[in-house]
Amino acid sequence: MTRKIDEVAEIFRGIIGPEWVITERVYMESYLRDETPDVSRPPAAENLILLKPSSTGEVSEILKAANEMRIPVFPVGGRTGLVGGCIPTEDGIILSLERMNRIDVDEENLMATAEAGATLADLIGAADEAGLFFPLHPGDEGAQIGGLISTNAGGVRAVKYGVMRNYVKGLEVVLATGDVLNLGGPLIKNNMGYDLMDLIIGSEGTLCVITRAVIKLYPKSGCSVTLILPYDDRSDAIRTVPSILRSGVIPLAIEYVEIKELNKAAEHIGDEWPVQSGKAQLIIILSGRSEDEVYSACEVISEVAEENNAGEPIIAETRDEQERILRIRSNIYTALKAEMVDILDITVPMSRLGDLMNSIDETSRKYGVYLPVYGHAGDGNLHIHLMKEGGEVPENIGEVKREIYDAGVRLGGVITGEHGIGHLRIGELDRFISDKELSLMREIKRIFDPNNILNPGKIFPRG
Amino acid sequence: MGDQLGIIVLIKQVPDIEKVRFDFETGRLDRSSAEAVINPFDLNALEAAVQIKEAVGATVTAISMGPKAAESALRDAIARGADRGILLTDTRFAGADTLATSYALSSAIRRLSSFDLVICGEKTIDGDTAQVGPEVAEFLGIPHVAYVEEILEADKKRIIVKSRMGRNYYVLALRLPGLITVTKDVNAPRLPTLRDKIRSRRAEITVWDADSLSEVADTRLFGVSGSPTTVARVYAPHAEKRKGMIFRGNPEEAAEKIVGVLKDLRVVG
Amino acid sequence: MREMREEGDVLVFAEQEDGEIHMVSYELIGKGRELADRLGVQLSAVLLGCGIEDGAYELIYRGADSVYLYDHPSLREFDVIRYSRNILSLVRETKPKIFLIGATRIGRTLAPRIAAALRTGLTADCVDLDLDDGNLIQIRPAFSGNIMAQIRTRTRPQMATVRYRVMRMPRRDTSREGRIIRRQVEVIGETGIEVLEKIRADEVNLADAEVIVSGGRGLRRPEDFKLLEELAEVLGGVVGSSRPLVDDGWISKDHQVGFSGNTVKPRVYIACGISGAPQHLFGMRDSDVIIAINKDPSAPIFNVSDYGVVGDLYEVVPILIRKLREELKGRE
């Protein structure tokens, strides 16, 4: 920052009130990191101001002022990302919309209007209160709406209703100039020119600041169950996934997990993983209008599982038991994190999942490294973890990572299915997309944010 | 039954406590607001029974009292390892407090030819009384141990358990027939297999009405007429009036204020 | 003055463990005194054990008019059959109108057997007691503390178990006088329950703590309980937790405060990163002073707090620890 922090802070105190302008480093510690493993997370810059506006109007004034002063703005949500996407890597402003957390549910149109700072937990709760359901569950419920949309979050329950993009029906955004734009709305059909809303979803805070969103909700399912299918051979597990989808049953989620990591995760949270048979397991969440509908789907899955050499499937039916399973599953990452260097996010066409798995095995053998794998098999999306060895980052980690990336792309996939580019994957983007595509992206960024004040240094390299 | 233990597990179907809503105007529970599940503590009781069955051989009978819909809880118990389910259902059982509930359940147990061990959950999450187990034991005239946290041994004659009372743990030998109530710490209930779950959906549940217990019980002591306690009123718990001084902004200053408060309260030093 | 005998006394079960009277029994003596005075009847206590006569005097100092004492080696350890048989004969003989028992594990093991044998009503886990036209109104939570219910009993005695630390502790007055009535103990040999081993438990005791520092969802990882431990240590207190963290296995169950955990009544309760779900508030709202630290100014915990800090516990708690240490150092 060219101007002194005090001087700049004074301007923002005038906009949002002195208590919401934080300049002491010690009080912004938690805003300087996300969930990226420590050894890979970029350090935060030195001179930062944390702003907590309470309205779209205030966000607009902040951006206008920042743009005039050419001060970088780093919008943050719940800081649950895994690629350093919200880390304030340059001197500037951290913009947290946590005070903007209202949610209104429109029961008739099955829509929620949520401010960007509302958390996933708030949204799930508000939907539930209204007798509705928000199916997506990208892990940490402290994630905020703004972040979920900016990163087009995915997670566990994306098989049936899709990822965040499929839920967003309208957006209110603030441009770098301070202009407020309303895009989309509670409509099923809308062909008014280019779809800027869809462009903004997943743009990782580099095009504008999302302040409010209209989000699609679903009726509560009458019945939901979680199945666990154990396998001795992981390729049998992988082969089951497309067979299930071909059978006509569409689960909410199909997760691939391995017993070793599940036991670690369960131990981490003082629990026990309920199924100890089989090295590899599929967790399948099914929902439907009635118990009969769900159980007939269970029978189909049971047959498919048997054809693919699964062991005895286990079922969880109560909310308590299903939440326990999801809780343990969601804690694999936290259990591994201390020993982790990076979490990869390869997505391939579902038919190639087996090939991807084989290729990871090969890499693991070739370099002699432990590569725990789990993920959203129903979406072809696998998380491969690069781990420390003896507490240290292995020297060949770069080669291991490159080999996995290359395998993913060779199999017709991408290097990130849901985590995004953020800071960690910047170097890879130009390796895997064409120059033309990259330059179009850069041009779009320039049009939205000519002074490059919005989350600079993310997605594209600086300069 | 021969050498096999006859184990009875008492289960109750309860609404999912985190989801259920209460209508304070009518004083009624909106049962449609939440799914009905087996009382979580009863799952521990059932798992304890199934573990004994696996270890030394036993037949496990699950008994419940409730509306016809509670059959699903008994089917679930069968999926989880019970051999059969008995449902006490009759409008004459309805409106029972813990005494009338215990009387009806103990009457049903009496009607069964023989049993060795009755296992109950520590308490239910809706009633929260922890009274039914001990009251059933009294009605049956058998000894009981409540709050069992560990089962160490079981055979036809006795069961050795660990229970916490006050500041101490006790390892106790309970002569059978006897009754125990178990806490959540006693085990981690397993999940049923899909196969057992599907099969149990078609399982036959024995249904007994009040008259089917008339030979072993005084049916006037069931339900409302056998219940000495009545709920006079229900209301939402209210938060107390507090000072409500809120410090915001500078944490350093706020902390200073709190330290001042703690000093005034003489808890520092 | 009403005819006392017909009315029946108020009777309190005085629980002792290893010869020491449980504090809940004194609290019941306090409440029982109030009820007995309002009814114009006597307050008596029943105490069972071995070599516990001193305890009987303590009950009188706290407000009992008389104490029925069952002192015998067979009653040294709690045995539900031996205890209930002896108490039953006393109740059948003295016909109390109201019989109060602490809602401890011992109380909740014993009371239902007595109630069933007497075919009388028993209300569990009461948090308040009142009188209406001479009848007992028993106030208790249900549905995990989400509702409160008022219960009446049409049979006699009206029996209730009462939660620890919800009633006021009566003052000890050694000048009080009362009668100690030694009762003939019915000695029962074989009861079907045999103590093979007794092991002292070493879990944290939240119920007796003066200061409790509790953590909730605002904590980001299990290790961060260390921060709260530090604060608790400086204040000579112990660490508590809200239910979700116990459910997630971040801390053991004995630390849990709330409806499904411990009801606590410390002098100071510091809630760090706890939003204040009804289930948690139930367990701590009777603390003398409540201090809340939470980022969310709209968190319900602030509605029950005496002092609140709107801020990140990760910022505020370390500052608190530092300042308190400075304070302590200054005193040395």
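Per-chain residue numbering starts at 1, and chain names A, B and C are given in the order in which the chains are listed.
Criterion: a contact is a pair of C-beta atoms (placed from the backbone, for glycine too) under 8 Å apart; a residue touches a chain by one contact, two chains touch by 3 or more.
These figures come from a predicted structure and were not determined experimentally.
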Pair joined by the larger number of C-beta contacts - A-C, A-B: A-B
Per Cα centroids, the chain farthest from chain C: A
Distance from the mean Cα position of chain C to that of chain B, given in whole angstrom: 22
Chain centre separation in whole Å, for chain C relative to chain A (CA means): 46
Chain centre separation in whole Å, for chain B relative to chain A (CA means): 40
Residues within chain B bordering two or more other chains: 248-249, 251
Residue numbers of chain A (touch at least two other chains): 26-27, 271
Set of chain C residues in contact with two or more other chains: 311-312, 315
Chain A-facing residues of chain B, complex: 16, 18-19, 35, 37-38, 40, 76, 188, 190-195, 197-198, 201, 248-249, 251
Parts of chain A lying in touch with chain C, wherever the complex brings them together: 26-27, 29-30, 98, 268-271, 327, 331, 334
Touching residues (chain side chain A, partner chain B) in the complex: 18-19, 26-27, 128, 227-228, 271-272, 274-275, 295, 298-299, 302, 312-321
Chain C residues touching chain B - in the complex, by the definition given at the top: 17-18, 22, 77-78, 80-81, 84, 104-106, 108-113, 115-117, 119-125, 137, 141-155, 191-201, 210-211, 234-237, 253, 267-268, 278, 281-282, 285-286, 289-291, 297, 300, 302-312, 315-316, 319-320, 323-324, 327-328, 331
Contact set on chain C toward chain A in their complex: 220-222, 248-250, 295, 311-312, 314-315
